[in-house]
Amino acid sequence: MLSEDRLFPSDAKVRSRARDLYNSVKDLPIISPHGHTDPKWFAQNNAFANPAELFVTPDHYVFRMLHSQGIPLEALGVPRADGGAVEQNPRKIWRQFADNYFLFRGTPSRIWIDHALQFTFGVTERLSSKTADTIYDQISDQLSQDAFLPRALFDTFNIEAIATTESAIDDLRWHQMIRDSGWEGNVITAYRPDAVIDPHFEGFADNVAKMGEMSGEDTTTWSGYLTAHRNRRAFFKSNGATSTDHGHPTARTEDLPQQTAAALFEKALHGKCNAEEADCFRGHMLTEMARMSIDDGLVMQLHPGSFRNHSSDIFAQFGRDKGYDIPTRTDYVTALHPLLNAVGERSDLTIIMFTLDETAFARELAPLAGVYPALRLGPPWWFHDSFEGMMRFRETATETAGFYNTVGFNDDTRAFCSIPARHDVARRVDCSFLANLVETGRLNGDEAAELAHDLAYRLAKEAYRL
Amino acid sequence: MLSEDRLFPSDAKVRSRARDLYNSVKDLPIISPHGHTDPKWFAQNNAFANPAELFVTPDHYVFRMLHSQGIPLEALGVPRADGGAVEQNPRKIWRQFADNYFLFRGTPSRIWIDHALQFTFGVTERLSSKTADTIYDQISDQLSQDAFLPRALFDTFNIEAIATTESAIDDLRWHQMIRDSGWEGNVITAYRPDAVIDPHFEGFADNVAKMGEMSGEDTTTWSGYLTAHRNRRAFFKSNGATSTDHGHPTARTEDLPQQTAAALFEKALHGKCNAEEADCFRGHMLTEMARMSIDDGLVMQLHPGSFRNHSSDIFAQFGRDKGYDIPTRTDYVTALHPLLNAVGERSDLTIIMFTLDETAFARELAPLAGVYPALRLGPPWWFHDSFEGMMRFRETATETAGFYNTVGFNDDTRAFCSIPARHDVARRVDCSFLANLVETGRLNGDEAAELAHDLAYRLAKEAYRL
Amino acid sequence: MLSEDRLFPSDAKVRSRARDLYNSVKDLPIISPHGHTDPKWFAQNNAFANPAELFVTPDHYVFRMLHSQGIPLEALGVPRADGGAVEQNPRKIWRQFADNYFLFRGTPSRIWIDHALQFTFGVTERLSSKTADTIYDQISDQLSQDAFLPRALFDTFNIEAIATTESAIDDLRWHQMIRDSGWEGNVITAYRPDAVIDPHFEGFADNVAKMGEMSGEDTTTWSGYLTAHRNRRAFFKSNGATSTDHGHPTARTEDLPQQTAAALFEKALHGKCNAEEADCFRGHMLTEMARMSIDDGLVMQLHPGSFRNHSSDIFAQFGRDKGYDIPTRTDYVTALHPLLNAVGERSDLTIIMFTLDETAFARELAPLAGVYPALRLGPPWWFHDSFEGMMRFRETATETAGFYNTVGFNDDTRAFCSIPARHDVARRVDCSFLANLVETGRLNGDEAAELAHDLAYRLAKEAYRL
């Protein structure tokens, strides 16, 4: 189904150079330093249940597109918050998907899914109403085989290291089970403290109390709260974490006097922060997290700018992560000023910035990453993790930030089978970009070869200290 | 003058595929579901007066560019608001245009005008000071011939359906005359209620009173006002309307309690709304209009984000629509939240969003249209209705919204002779985009062929319920 | 080192056309109407001291990139504000640069430096740790030769005219020395009054007093202050100035009643303007400057939108212009409204707008420049003075503003040896853009040839009245 030369430039000379570069990196192991796969898969190593569970129900890219054309989420088996009835028959869900597979024309989901169907499951025909059942049966058969269990796929996918993301108050039981199992797959965690940092997160005070319990610290005081963070970070590190991750509505940072921060924390614990105070507290905690990163060496990732749960009805009926998180215009220059003034000059600290607002690359993020030693640019994120998105990223960021203030690729996915596809797309795009630089006299061939390897493998490994 | 392969990619293989796709759609009838042609042309079917009246005086793209280089609008025959003297000699106006035709190099106007000159009027030489008179004479002669009357051109242009845009308080006399005439050209209206929705529109209260009169409703009350809208919409529907159109300064929407809305309406009628209240009322009325659309099936178009009449002097001297409407940065995620929460989940409603802020496509509009069943993306609008603008639209919107959350092309023009040219450009750009997807392994050939037809014809027809 | 076909499109036919166009303009003299070279160089005509002083220490593009990877500015010989110790050995600085030259892969600095090394100094090998010393020695030798003195390089570079930029209270002694010397190089100044216009500029009141002294006017009064500006502008004109230049944090303009302006000025003199009042005063002064430009014919340049000295530590330790000026999102439509309403319709005035926010080109600046007679678009500025930046500029501005509302190229540099490289890049990009227009049927060959010349030479000369 897929062309061997997919995503390479159409000009024959540039294409040939892109292909050569790609061939030199396509078999490199996958470094997946940030994502949302479920550690339980690797801990229990149970078979995936059926094709719909693998490709449709958990993939918000997939069900949001189907829904945009009027298909109710219930018909796709997406569970309701109230436990109400949704489609239970995976074959029916799969048929809905197959019938509407044309909707994905021109989208990255199409490439990812075709890739998984072809290279993981050996499917040879395009998914459609006509082929739906045959493909369903073929995948179903395979899922029960040993070669398709999570750990086997992990090996097949040639994953050298993968990070999952857990809440600061997660007990990391699956990670500990993986470690105890003797399996050698390198699955690590990452510290995501939004639930204990955002005063407006559901159950904030309870979450903080739980963090106190888990860390044996008195989190009713500001200093106890900070120590509890340090403890939890250490615990995450002992489960392999090399990074933290922060998903705030804006990129706002603050560097408040400790007394002011303590007073805000007190308010937050009592549920008394207004919107501005909550934003201010979140912003200050980023600077606290950065200071802890200088101490414990955890790389810091910021993922700001998503308006979460845009549809109140869908949120009420189905909960979070249902495709209704929408990017917003995001300021970085003013927002990051306090953080960068506090710690931006540290070259022993790494802060990786992501954005859902691509206009910030050329204007703000590349100029900032191109001068502050602590700052690096994360790869195109979420809706921009696509051919055009990646190409625009290189075109808008490279001239000011260079390549070496970027950190390779993140797949950032919960769709396990899409991982090889996503890294493959990233490698193809980067090799195409590099080939074009060479053919237009902006780079030499030997430099492009070195860069192809750096972008596919080395930069991610180094930036994330893996 | 025009190359047969214009606007196709330069790579031979991609060009050849683009050409094949284009050849399969170039003769499809034109669906023009939104625009500003004058229904009087088709009602009276009088000859256009002269080349200047056809190409210069009414075309704000043309006279704004000439003016930007210092040519007074008076010299181009643009009528003054005070009836003051302006150039009356169409040949002199035409010569000014021809002398400065080089200014249009690299602009869409150049392609549209060359297209009209070559294919509608058979002109074979480039317009310039040297050819000005010959071309003037040639067009003048033709305009008096039957084959160049509005209805004949309508047929020549292969227009299957065209929508004009009329104010809610227009009596639609020309549309009725067209219907009464027995001519079979499908010219329909669209409901544009800005004059009776925007508290700061000139003569708002009078306009609302007139709407009351025309509809036989008491528009001094909030409920009478809403009913009057329903009546007028029904009247527009009986004149073929399948859509409404809303041109607000921002994309703000509101979903107020009825009592609050009624109180604002009361204030508006008495000219007492401040800027914020006027904006709020406009925003709320969009949600009311959407609710009526669910009832009567009219497709809703939003055209926000233009700073109208930027030059006070030009506005005072020449009035509206003189090239001084400037796009502004426009937020959609927050602005559309109330509307989409009220009606966005309805799959029996179609809201078509336009933007003058292209940065919103990848960041906001494609993510929104890619999940809300009611939302569709209109084609590139106004300054962005161009080769580069259309290409950027496909490159930034497709990966997240797909093709099927878009609605084909709108020419949105009052320049009648530019209609075939504009649709031709859109078809060429879309076929080039599709050819590139195929040649870079992102789409199969049979899918591209189907999409070429969808984008040129089917999607517009279906989205606008024509 | 450099490919002869660098920056040309890869498609053979388009490349060949781009090359032909480029060959027709590559030897045209350089018009450098805006920049920051030091007039002292041309006045004294002393040899440049060493390669580090020429390529590293004064070039913020270079040291910011090195610093972003953790190299202290001290190690690069950047002088500290407190006179503290920094690296004094130019060879060591050069080696740091050479060791890390790979960081510049894909950046414009790489092309500029390679160009200077190859074409000015005859270097034949790529700069690296291995070649660092040889290249250092080679350049060192040359710098002491007559052919490499500033005036000789001026001739070698084929500069027809170059403008420097001086503060309104500069005595222009170097310019006068150049004039007195009898040397025929055309080095002119430009009037930059930020220090006497921005109430928050260091030493504002003293600066204004000094301007009073220099002009013999009583600058304690509003009218005396305005007259002093007129006098200084006349003095700058007598030193060749044809332009003024204004670098404000935002693009805000105002057109206040004279009494209000006078009151603000009074406040400013006494250091009593708050942020809003300072911004308002700066904004108003742009309109005053524009009115003076109508009288004295100086072309007005606006360079808004940089957040200066983002790192407080670096500012405290090293002062201004250390690579920490970061672009910000910038509004133009509302901001320029007062100015354009006051003087925008004048076709005897030229206002050249620059931006660090590229998203404004298609949305705001091209539509504004495409209608207001007084407004022109400056070339891509600062971080956007690059292959991709220039290409995006043409792609986003041309369709609405055309070519003739743009003003050719500015190198805007203090790196003297980069001037030929920068103009060469601009000519290559423009010829590539034009070649692509021709090969995709959007322009005729004869028009492209004329435009290539216009963009490389004529437009800059005419717009800046040189």
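Going in written order, the chains are labelled A, B and C, and every chain counts its residues from 1.
We take it that a contact is a pair of C-beta atoms (placed from the backbone, for glycine too) under 8 Å apart; a residue touches a chain by one contact, two chains touch by 3 or more.
These figures come from a predicted structure and were not determined experimentally.
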| item | value |
| --- | --- |
| Residue-number overlap at the chain A/chain B interface, same or different (half cut) | different |
| For chain B placed onto chain C, the superposition rotation in degrees, Cα atoms, nearest 5 | 120 |
| Centre-to-centre distance between chain B and chain A (centres being mean Cα positions), rounded to whole Å | 40 |
| Shared interface positions of chain A, touching two or more other chains | 9, 11, 359 |
| Residues of chain A touching chain C in the complex | 9, 11, 13-14, 331, 333-334, 337, 340-341, 344-345, 347, 359, 362-364, 366-373, 375, 395-396, 398-405, 436-437, 439-444, 447, 451 |
| Complex interface listing, chain C residues touching chain A | 2-3, 5-11, 64-65, 67-70, 102-108, 110-111, 126, 307, 310-314, 323-324, 326-329, 356-359, 383-384, 386-389 |
